[in-house]
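As structure tokens, the structure follows; a few thoughts come after it.
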Amino acid sequence: MKEQDIVEAYLTVRTYECDSYGHVNNAVYLNYLEYGRMAVLEKNGFSLAKLKQMGAIIVVRRIEIDYKAPAREGDRLVVRTYLKDHNKMKGIFSQEILKEPDLTLLARADVTWVFTDLQGKLIPVPQFFRDALGF
Amino acid sequence: MKEQDIVEAYLTVRTYECDSYGHVNNAVYLNYLEYGRMAVLEKNGFSLAKLKQMGAIIVVRRIEIDYKAPAREGDRLVVRTYLKDHNKMKGIFSQEILKEPDLTLLARADVTWVFTDLQGKLIPVPQFFRDALGF
Amino acid sequence: MKEQDIVEAYLTVRTYECDSYGHVNNAVYLNYLEYGRMAVLEKNGFSLAKLKQMGAIIVVRRIEIDYKAPAREGDRLVVRTYLKDHNKMKGIFSQEILKEPDLTLLARADVTWVFTDLQGKLIPVPQFFRDALGF
Amino acid sequence: MKEQDIVEAYLTVRTYECDSYGHVNNAVYLNYLEYGRMAVLEKNGFSLAKLKQMGAIIVVRRIEIDYKAPAREGDRLVVRTYLKDHNKMKGIFSQEILKEPDLTLLARADVTWVFTDLQGKLIPVPQFFRDALGF
């Protein structure tokens, strides 16, 4: 999976995701980012449940997110995700949240993840996962 | 556990629980009710994790909730819960959400729950649970 | 808007909506129901923001929901909503949450709503709203 | 407000905040951080509603968060917040989420915020806010 292999996930802002300012709350952006990352997993045949059955838990280790502009009720958004960096122990997804139709940048984030076994012990990125994402 | 055995759980409305009207969203009230029911479990020595270890999953089957007045950022609330009815297969918790300091009634609900095993098959209310709650 | 005028809203269960049982949490079903009701508003040219500009706030007064079967990560759902009953002061939406592709019934609900002005005072259902929904 | 002026906010992990791994979802940590920042505002006599009445909206611009260890149902947590840096246009809160009773570090974050007026235009940090926080 390279920079050109951007995976896009589409969603519409729901009313209950907006706070008393009428803006999507900053924590909800992390839900959107998770939704975008799940689109990458799904495209490669994985789900959290499937990974768990294979003895692997994917865990977010670090998030850096810049909020550029607010999203509001009914806005149609696209989350763009690609694998920015990786080694044997971790990977970094680069993600953007954009607003349709003119693709205004709402937020940009780097999300670092690792794998643990079912007991929570850190393990290298499983080979089946590296194969699927091509690294 | 009888009507006089009301369990009280206290919480303060958090900013991110309010929607664009500045009110606590109606779905969040169900979070508060769950919080109140967990206080009953906890008082009797249970948690969801502990029940699962004992092979039992408690599942909500029906909720009837009347919304009486809105809650807002910073409001201090109390959730009052008692076991209203029960038989071998299910129980009904009666719950109220009240606002401090004058105990204004914000919502009243009846929540019917059942038990399943780990495969999701309906089972009678476990004896250890009936013993704990005294029925 | 009559029984045959069912409005359908589609969604896929997101990972963060599932609890430690791997099931969609019961409060999240109310988010799905709200999503379904917003599809009715939207179809008729309304949003919460637009209603607020017109001086009207739509408020949920009562929810009765029966949970029939659990939803899990990745499930594709459809929320079906129609106006079951109404008078000058309130309306009742009947809603179902079904799972694709075989339309298994996951939940059924009746949701009673009223209108208030911007100060929170109960008002009759605005004429523009009754006209839009045809009652 | 200096480093020694750490504000502490206490909370207990609620069942519905845990995902299918039984861990608090990473987005929920941002809710906890917001809860911690609101404790700072509250201690200084502010709420989001009060700021809005004064014509000022506080907006998160950037979050860097490192997840160190998972939180689970029933864990008692403390969120520690202090003002790490500031200038005329923005401030940075340094925040930690720790688990009682041994204060295990679960997450550490830097949160950069700015102010806008009610129309969303960037404004300097209001003088009343700087006075309250002592910078």
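Every chain is named by a letter (A, B, C and D) in the order it is written, and numbering of its residues begins at 1.
The working rule: a residue touches a chain if its C-beta (ideal position, glycine included) is under 8 Å from a C-beta of that chain, and two chains touch if they have at least 3 such contacts.
These figures come from a predicted structure and were not determined experimentally.
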Farthest chain from chain D by C-alpha centroid distance is chain C
Set B-C beside A-C; more C-beta pairs touch across B-C
The distance between the C-alpha centres of chain A and chain C, rounded to whole Å, is 28
Between chain A and chain B, the Cα-mean centres are separated in Å by 33
Between the Cα centroids of chain B and chain C the separation in whole angstrom comes to 23
Residues in chain A with touches to at least two other chains are numbered 15-16, 20-22, 25, 27, 31, 34, 48-49, 73
Residue set of chain D touching chain B in the complex reads 14-16, 22, 31, 34-35, 38, 42, 47-49, 72-74
The chain A residues in contact with chain D across the complex are 20-21, 25-28, 30-31, 34, 48-49, 52, 57, 59-67, 70, 120
Listed in rising order, the residues of chain A that touch chain B in the complex are 15-16, 18-22, 25, 27, 73
